[in-house]
Structure formats: C-alpha cells, structure tokens
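For reference, chains read A, B and C in written order, and residue numbers begin at 1 within each chain.
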Amino acid sequence: MNLFAQGFAWIFDPANNVGSNAIGVRLWEHVWITLLAVAIAVVIAVPIGLLIGHTGKGRSIAVGVSGGIRALPTLGLLTLLALAIGLGLGAPLISLVVLAIPSVLAGSYSGVEAIDRVVVDAAKAQGMTGWQILGKVEIPLALPLIVGGIRAAVLQVVATATLVGYINAGGLGGYAFSGIANSDYAEVLGGSILVIALAIAFEIVFAALQRLAVPAGVSLGSARQSRRSTRSSAPRASTPVEGTHP
Amino acid sequence: MITATTRRLAATIAVASAAAIALAGCSSSDPLSSGSGGDSKTIVVGSQAYPSNEIIAELYAQELEHEGFTVTKKLNIGQRKAYWPEVAKGSINVFPEYNGNLLNYLLQEDGKDTTTETTTDGINSALKSALPSDVKALPSADASDADTYTVTQELADKYDLKSIADLSKIGGTISIAANPEFATAAYGPTGLKAKYGITGEVNQQNDSGGPLTIKAIQDGDSQVADIYSASASIKTEKLVTLEDPKHLVPANNVTPIVSKDLDSKAADAIAKVNKLLTTDALIELNRQNSVDQKSAASVAKAFLQDNDLL
Amino acid sequence: MNWVLGNTDTISDNLIAHVWLSIPPIVISFLLSVPIGLLVSRLRKRNGVARGTASTIVVVASLLYTIPALPLFLVLPAIIGTSTLDPVNVVIAMTIFGVALMARSAADAIDAVDQDVVGASEALGYSPAQRFFKVELPLAGPVLLAGIRVVSVSTISLVTVGALIGVPNLGFLLTDGLKRGISAEILTGIVLTIVLALVIDLLLVALGRLVMPWTRGTGRTARAVRRRAADDVRANEVSA
C-alpha cells in the first residue's frame, strides 16, 4: 500500500533520525518507559498475586479491583496526573504501572491456582513448610502463567505508551500527535509501524521466556490429557506455553 | 419451570436484540454528525478543538436559535486540516475562523508563499480571493486571538526582554513550547529565523496553550511559550507577551466563515454578535470558561443576555 | 461537585455518544469471534497446514491488538474511505480490537469442552450443527462470557482515545479538562467510564445467568471454585 511505503520511507529518512526528536531517541524512551512500568508493576503485583493464590484469600477483592483498573481510561489518569504533578515522567509512569498491574496480578494468582492440588498436598505430605512449598513448588510451577501475565502487560503498555506523547513525555506517540496536527500521514504511519514492530519484538522475547519458564519435568503431554476433561481440577500449567506456539 | 425451549428462545431473543441494537447503533447517524442536506433551514455550526473557539461558536449558535433557525452544533472537531474540508464543501455552514491563520493555511495548501499582509484590512482582502467559491467571510470582529511568543516575568526581567528580537540576548537555540502546528506554521521557527534571525526549536505540547504549555516555561523546560493572545492565563499567570515589531505573527481577528447561500437573516444575526467581540470581551469570556470553570454554553448565554441579544 | 452540576448537558451528551460507540463493537466482536474461534478449534485438531493456519490466525489476532488505538483511528479513513471525523472509524477499530482479544479465547473455550461429552452426543445421533449449538457452545459458554466481559471493559476504556480525533465521547471530558485545567472534569470522565463499564459488565453477567442457568450454583463447592479458577485463567489469557 502506498501509505505504508510512505510510512517506511519516513522511518528511514535521515532527517528523522537526528536531533532531539530522532526516531532512535524516541524508540529508546518508549522501550525504557515500558520496561520500567512493567518492572514496577511486577514488584507490586507478583507478591500480592502469589499470596492470594497460596492462601486462597482475597481473590474476589483482587478480581474486583483489577476489573475496576481495567476500566480506567489511561488517558484520564494521564491527564489528571499531568495537571496535578506537571510535566516529566511521573504522570506517565504511574498511569502505565496502573495499566500493567491487573494482568500481572491475574497471571500470578492464576498461576498458583492452576497448580494441581495433588502436587501441593504431596509437598505438604513430605513435610515442606508453607514457605518451602511457595518457593520450591508453587512459584516454579506457576512461572509460565506469571510470565504470561507479564507478557500481556508488556503488550498493553507498549501500545498505550503512545498516549504518553499527548503530554509530551517522550516515546513514539509524539509522532502520532504531530502527524495529526500537520496532517503528515507518513509520520503517523511511521510512528505506528515502529510501535507495532516494538510490540512484536517484545512478544517474541517473552514467548521464549515463557517457554523457558516451564520447569523441567512438566511436559506438554499433560496438556492433552487434561484437555479432555473440564471436570478435572483447574487447567494445566502448560496452557500458556501451548498458546505461544507461533 | 423454564424448559430448554424457553431458554433457547430467551437466548435467541437476547442475541437478536443485541444484534438489532448493534445495527441500530451502526446505522443511526451520530446526532452530531453531518446534517447537510436535511431541513433547508438547518444550520450546522462548527468549532475547533479549542475552548475559546467553542465559546464563539456557541455565541453564534445560540443567537441563530434565538432568531428562529434550527441549529446543529459540531463542536471541538480538531485542527484546520480536519474541519476545513467540511466547511469548504458545505457540510458545515458557519465556522468562527481567524483571518490571518486561515489565509496562510489556504495559501500553503495552494503551494503559495504565506502572506505578507499584516493588517486586518489587508488580510481580509487577500482572504476574499483565497477562499473557495462556496464560502464567504463575514466582517471581522475587533477581537484578535493570535499566536504569541510569551515568556515568564522572571525570564523577561533576567534578560530584559521586551520584543521578540530581544530573544537573541539569551543566546543559542530557543526552545518554544507550542502545539505541533507551530513547527510548520509561517510564524513558527522558519519565520522566526527569517525575520528575527533567531533559531527556535519546538517543544511539542498538545493542550492549545493550556496548563502544560505554561508549566513548560514555568519549570524552565522551554524559554518561550505560544500562548494565544486572548487567553486569560497571560494575566492570571503573570506572563509577558513579547512585542512583534516586524509583524512575524499576522493579525488574527475572529472572522465568521459561512456558506455563500446562508440565509441573509442568519448572516445578520452572526454579524450582530461579532460586532460585540472586542479582544477584552473575548479574554473575559475565556476567563469565565477556564478560571471560573463555567461551560462554553453558559458563558455564551450569559454574554448574549447581558447584551440584550437573547 | 459544582462542576458536575453546572455541566450536566455536556456530560450526558458525551455519555450517550460513548454508549453508542461501545455497544456495537462489543456485540459484533462476539458474533465474529465465536465462528473464528470455532474454526481455529477445528483446525487445531488436525495436523500440518490446518494446524499452521490455526496458529497463524491466532498470531494475526494478537498482532492486531498491538496496533495502538490512536493511529488505527487515523489510518482507517485512508483505508476504508470514511471521513476522518466519522465516528464509524472508532466503531470499526474497536471491533477489530474486540475480535483480536476474543478470537483466541473463543478458540480455547471451544477446545476445552470435554470431548467425552461431544462424543456421547455424536453417538446419540446429533448432527454436527446440533453438536455445536446444543453441546459445545453451551459448555464453552462460561469462558466465552468471561472473554466478552474483558472485551467490553477494554472497549469502553479505549473509546475515550477517540476524543483525540474529535469524536464525541466521555474522553472529551478528559482532553477538555486538561486544556482548561479543570481536574473535576477529568475526574468526572474517569468515573463515568468506570461506572459505564461496571453497568455493562453487570448486564452481561445477568444475560449469562439468563442464558446459562446451569451456571447459577452457589459457587462454594470445591468444583465450583476450581471451575471459576479455570474460567478466570482462560479469561486472563484473553487479556494478552
């Protein structure tokens, strides 16, 4: 499509690769703020999610709060915080962290809940303490789903970080707004193509991470068995791995 | 007891009604969408996505309604490139424009150089020839709402800044917090370099000279901000607008652009309202809207009532 | 709040516009995702090209979701020929996102249906259509419902971005509030968006209970808890 050719031409145009608004600069800002926001969300949400999954308590609150946060329009949080704390990274970072939390939280507690009770009982029967069960059994088995949650969060944050350009906090979104204002479709498309490429790159990395996260010994074979019956206990921990097949 | 058949029926109905709502939603025209070709007396009034412009559009719209016309409002559309095609082809019948910026926009679209005219009369006669055939401009108001080069009081004191030319005292490249259109506008960095020999760089803000743009110069991220001259914040935030002796920024009076076949009574009504718009009046309207936080519609209504037009 | 009381017209106009922009995409996404999910599920059961096609569909769906909303709104007019001001751009873009979100979860939902039950129905002489509508679809129902609930919340939230291209909706309260520096306006926009999402969610749950009465249990048995956990796990994968 002619438009997309223009978008690519814009990306490789040397004029757009120099100066403070260079593609390289914005790309780096975009990557950096995405990873930082998700990292902070992980620090906050994974412990809480593990706790919920391990103790079985607080789940409905978590689901409710997550649902509420998912409904929160990021643009709203962004503008509100921008008015309150002004320019700089504070407003975008907080908004993106809030966006990332529901997915990471859900991945964490689902990961623990998805573990067959039999395994946990066996661990208890062997005399493991609660902490040992958490560390040696639950976390390793839950890891694929946790990573799955992080992966989902990264995807959402990468796409939404374009909005951050609205309050001129950097990232690839600024190209969209300046492109709209100057009706420069090539710029809008170029910026969008970059964001999509970034998202694909992250997806590939995290798909690999998710596969690596499956502990040795948990085979894909168990997936086929449990798929046959919805009456069995909660699904196989290998579900997300299945889903990552390209 | 609810039988399987009943459940299936309920499910079917639920899906069918949902589909019906979906179809209705798809086909029903958005109440604010293009109303051209309807009732010949329906007048569509548009505005930019700029609070001050919304107020002026409300003034026109409410006065037209008062005169007995049916009015459809299409407010807060966006920048010129988004709404002008609609005005040019007649889907929008009345639009509060700004003569200087509109003239330069039309010239640039035609591939011509931007205007050398600086006075209201000069710009208006040039505008007349530049406008497409189906629209015309009604007489301009006194009120001007132009882009400015504005700095904080502190910066002005520090470098003794009075006019745009004084910016050279700061030295180096000047960072200007402004909307993205500023970068390609005639009065932007290119014009700044050409007329005053100063190199400028745009620090892109998207809030039309609003709180973030102002914060940019207050926090020192930029030295200059493009705050529109009718904005109330210049006074409330104690900012200093630099003088423009070389007329980098052309006059920008509020000028209604209307369809050529607009009812003459309607045109008169709009002209009546426009006569009342002085720059000070506009600034006061803007102040009520942003500082007092009153809606554009209520600010417009109060103004019309105070002037016995409603 | 004073601001709210003084601006009920603006608020209600934008709220209504928002509803009209959100509901069609949610419905259409559902209507499109179920057949696509069915197709993917059937293809996955085979080998080779069919399986590859199924995976490709899933990957394409995920990729569609990575397209940032704002650029999609801007690019659609060029591709489908609508005017840039047309709200239809938002509806179509939201539908694309909805399908992107839900296609995979629909496929997983249908996949997860107990094949023993399907086999039994086949033995009883059900035609393929009957098997799907009377056995698979109802059994996949709860997960499909979970999926559409995620789509609905996400749609209602994303529609606000449409305000950046001048399409009236609750997002206008956010951008206008920023330009005029009125926090109360932004807060109103945020709260109403969340409330709207909540209301639609409750409606969907009620619809689910109406159409699938067997899911109405007290929800406290171990099996019910596990079932809910399973549904949520699948729904959370939807959010990918």
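The rule we apply is simple: a residue touches a chain if its C-beta (ideal position, glycine included) is under 8 Å from a C-beta of that chain, and two chains touch if they have at least 3 such contacts.
Note that the coordinates shown come from a computational prediction; the quantities given were computed from them, not determined experimentally.
Counted as hops between touching chains, the shortest connection from subunit A to subunit C is 1.
Counting C-beta pairs in contact, the pair that comes out ahead of the other among A-B and B-C is B-C. Look at where the CA atoms of subunit A average out and do the same for subunit C: the two points lie 18 Å apart. Averaging C-alpha coordinates per chain places the centre of subunit A 39 Å away from that of subunit B.
Measuring from the averaged C-alpha position of subunit B to that of subunit C gives a distance of 36 Å. Residue positions 78, 207, 211-212 of subunit B each touch two or more of the other chains.
The set of subunit C residues that touch two or more partner chains comprises 165, 175, 178, 181. Contact of a single residue of subunit A with at least two other chains is seen at positions 82-83, 166-167, 177, 180.
Listing the residues of subunit A that touch subunit C in their complex gives 1, 3, 63, 67-68, 70-77, 79-80, 82-84, 102-103, 106-107, 110, 113-114, 145, 148-149, 151-152, 155-156, 158-160, 162-163, 166-167, 173, 176-177, 179-180, 185, 188-189, 191-192, 195-196, 199-200, 203, 227-231, 233-235, 239-240, 243, 245-246.
Interface residues of subunit A facing subunit B in the complex, by the touch rule stated above, are 20, 82-83, 86-87, 165-168, 174, 177-178, 180-183.
Touching subunit A in their complex are the following residues of subunit B: 78-79, 81, 179-181, 183-184, 201, 203-207, 211-212, 215-216, 219, 221.
Chain contact summary for the complex, subunit C toward subunit B: residues 2-3, 6-7, 9-10, 17, 20, 23-24, 27-28, 31, 83-88, 91, 165-166, 168, 172, 175-176, 178-182, 184-185, 207, 210-211, 213. Across the complex, subunit B meets subunit C through its residues 2, 7, 10-11, 14-15, 18-19, 21-23, 25-26, 28, 30-34, 49-51, 76-78, 82-83, 86, 207-208, 210-212, 289-290, 293-295, 297-298.
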